[in-house]
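Structure record follows, encoded as structure tokens.
Chain lettering (A, B, C, D, E, F, G, H, I and J) follows the sequence in which the chains are written, and residue indices restart at 1 in each chain.
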Amino acid sequence: MLFHVRMDVAVPRDLDPEERATLLANEKARALELQRTGTWVHLWRVVGQYSNVSIFDVESSDELHEILWNLPLFPFMTVAVTPLTEHPSALSANP
Amino acid sequence: MLFHVRMDVAVPRDLDPEERATLLANEKARALELQRTGTWVHLWRVVGQYSNVSIFDVESSDELHEILWNLPLFPFMTVAVTPLTEHPSALSANP
Amino acid sequence: MLFHVRMDVAVPRDLDPEERATLLANEKARALELQRTGTWVHLWRVVGQYSNVSIFDVESSDELHEILWNLPLFPFMTVAVTPLTEHPSALSANP
Amino acid sequence: MLFHVRMDVAVPRDLDPEERATLLANEKARALELQRTGTWVHLWRVVGQYSNVSIFDVESSDELHEILWNLPLFPFMTVAVTPLTEHPSALSANP
Amino acid sequence: MLFHVRMDVAVPRDLDPEERATLLANEKARALELQRTGTWVHLWRVVGQYSNVSIFDVESSDELHEILWNLPLFPFMTVAVTPLTEHPSALSANP
Amino acid sequence: MLFHVRMDVAVPRDLDPEERATLLANEKARALELQRTGTWVHLWRVVGQYSNVSIFDVESSDELHEILWNLPLFPFMTVAVTPLTEHPSALSANP
Amino acid sequence: MLFHVRMDVAVPRDLDPEERATLLANEKARALELQRTGTWVHLWRVVGQYSNVSIFDVESSDELHEILWNLPLFPFMTVAVTPLTEHPSALSANP
Amino acid sequence: MLFHVRMDVAVPRDLDPEERATLLANEKARALELQRTGTWVHLWRVVGQYSNVSIFDVESSDELHEILWNLPLFPFMTVAVTPLTEHPSALSANP
Amino acid sequence: MLFHVRMDVAVPRDLDPEERATLLANEKARALELQRTGTWVHLWRVVGQYSNVSIFDVESSDELHEILWNLPLFPFMTVAVTPLTEHPSALSANP
Amino acid sequence: MLFHVRMDVAVPRDLDPEERATLLANEKARALELQRTGTWVHLWRVVGQYSNVSIFDVESSDELHEILWNLPLFPFMTVAVTPLTEHPSALSANP
């Protein structure tokens, strides 16, 4: 089940630099892990913004929430979730 | 070069039914053609809305405009274009 | 899997009265049917507006789209979908 | 009398951790208490957000205000209240 | 129980003049009737706009919906409902 | 001359508690005084929000500004002013 | 008493040309009349838009409403009214 | 004197095709003429939209209004005007 | 050349009181100076808000920017600039 | 390939003055460098705002992101990117 997620990141300026570095490293590690398991299907950077557009493939919206809520950068993100479905003009629907 | 495009469709109620059918068939044919050539990389339906979220892979923004402007349904669409780039935490950037 | 759906209805003034009556009757029949099967879990009217707030319990977001897209009044609705999950302070999570 | 309430929570980063823990524990206790008395009828988490969608069943809007205003997390919430009524297509209206 | 209601009116230009006159007369009669019974407590015109700000005193939000939904001009109104309660600094709370 | 005023209050979290208490007491005293003189005609709390909806009856918009600008909580308020006039369907216009 | 008024005009395309011409002539005559009596103090065109920004000097907001409501183009205008008062740094306040 | 102008075009679907063709030809001729005289300095199409972003170099804002108001497509445009000035980091300011 | 300027002021709460007093005095002195030279043609306070609506008469938009950018309160203002021109129904255009 | 970029700058008040000066000097140096290489084609100040409107000519949207992301002031900017293409009525398209 696919979800479109946009994340806008705003890390506070006064965050301890070491804490910040750890946070970013953990976020990256988690993102890579979820991409390798096929859950975080796409991850793109929005040009000129500290934001990403992502596609997640999950078993349920509960699973998606679990993932997003536990992202290391979650407390510093604004997240918008849009459920997707197969488009009738998509190749997959017109084999 | 990747672009994120959202299209919200609003076909007028008083459009001639035959014209409408032709329009939709042409739009579908064009979408399939562009998917087969690898230009229209992803095409998803937004749940509960006459809208899609798409990813295009083009040589230039000129090419993208050419494609969008000539879609059969273009006159009845609201289109939002967002340029994308590789995310530093994407798998492709961390082989 | 739960989804929160808000539907704002705007039936065109010039719709043929009979067509309108049929449409509304079909919409009501479909709403009752989906409530009886436990899919359309809640359906409330928003005070002072031709709108409803609904909760759907579906197997997937694909199923939700199928349902919404085929509602008789869908062409005259603005629909907003919000995925829900169990709240950690809900009774169900604290038996 | 039913009200739809959405609460978006933003606990300040610099809140004393102990105060924060107490606050959250009190909020949870209060939410459970109000659910057990049948006042806080539904409480759902919005996927990917520190927000909930709730349904309250109260005697009056005065009672609703009293409840919301005294929630432990109220000072850190943005609250939107929408009055609901029975939908003519709801099962309850079509026994 | 008090509710703040704002109504923005937009009667279509092509409405039959007689139908329009009847509609406006009925709306006025109904407004006067509800004011006399003490339900429509206040009714003010917004300066420079075809809009009013009103205060209703009703037994329940169900009653409010019943009233608003059946106003002759309802199909041509945008309605916003805000529940009110006694303010702790109001005279009534500080006798 | 009537004006509709909505005030949304946001007292900073780090305000000295004593200063805060004095401020709130002064605001309340001022509100009561203006209600007793018939200037602050109505004062209602918006359900679930640190906000009020008020009706002022003043000699001029200058007088209204003088009052609002000097409210003890003014520095912590967002204020929206809407001029009102008699509605042609109001009881007062149809004696 | 001064009010700032912005009027955005949208005359329907299908208005009878003669009716349109009469309407515009009447609007202009009325605007000139109100400027000569000192009520419509300033009238400026917004660059690139079918809109004006105006300052009215009236005895009361009731008078302002009477004027705006009866403008020939009123049915085709979106009107925004903002009450003004003397600025403490204005020349008039610092003779 | 430079102005940034964005024009969003929405030609009505029911415009007579010949009238439409004439309108578009006139608009193009006028745009070319103003570019040749150095008044319409830049004219770009926004990708995926029936919109342009333009830079005008005029003697005064009066001249700009005269130009925009008389564009053949003006009745079907939404126009946003933003005055520009030399940037302190521009090459022209740092010869 | 006339420009409509709205300035919304938000002086930070923690600004040193003396610095604040100096700033406000300088702003007032500058406003009076520019009014006396005929550049700052009108300056009104918006009722109930720490905002003003102003009309400037300048030689160019460059001059306007120079003035606004150097206002003592500029760092604490949100500024909106709208170019104006003579209205065809203004007295000045109909002598 | 052309992109329209608007940057709104908000340097925090509490930034160390020396750090601020360095930052601004570096930003200016970088802007000049990119203008000299023909990448930052236009750079204008928006009148009355700490904002610029810019046109970039880049090989790809990846290159644009690289540039924007590494601007010294990037952490204090809100950036909006709009892809442009040749307008059919531009001189360049009508030689």
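Operating definition for what follows: contacts are C-beta pairs under 8 Å (C-beta built on N, C-alpha and C of every residue); 3 or more make two chains touch, one makes a residue touch a chain.
All values derive from a computational prediction rather than experimental measurement.
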Path length in steps (a step moves to a chain that is touched) from chain C to chain G: 2
Most widely separated chain from chain D, with each centre as the mean of CA atoms: H
Same vs different contact residues, chain A with chain J, by half of numbers used: different
Separation of chain B from chain C, taking each centre as the mean of its C-alpha atoms, in whole Å: 28
Gap in Å, rounded to a whole number, between the CA centres of chain F and chain C: 40
Between chain B and chain I, centroid-to-centroid distance (C-alpha), Å: 46
Chain B, residues touching no fewer than two other chains: 2, 45, 47-48, 61, 64-65, 81-86
Contacting chain pairs - touch in the sense defined above: A-B, A-C, A-D, A-J, B-C, B-H, B-J, C-D, C-E, D-E, D-F, E-F, E-G, F-G, F-I, G-H, G-I, H-I, H-J, I-J
Parts of chain D lying in touch with chain A, wherever the complex brings them together: 13, 45, 47-49
Chain F - residues contacting chain E, complex: 2, 4, 27-28, 31-32, 35-36, 42-48, 52-53, 55, 82-91, 94
In the complex with chain B, residue positions of chain C that touch it: 5, 12, 61, 64-65, 68-69, 75, 79-81
Chain D contact footprint on chain E (complex, rising order): 1-3, 60-62, 64-65, 81-86
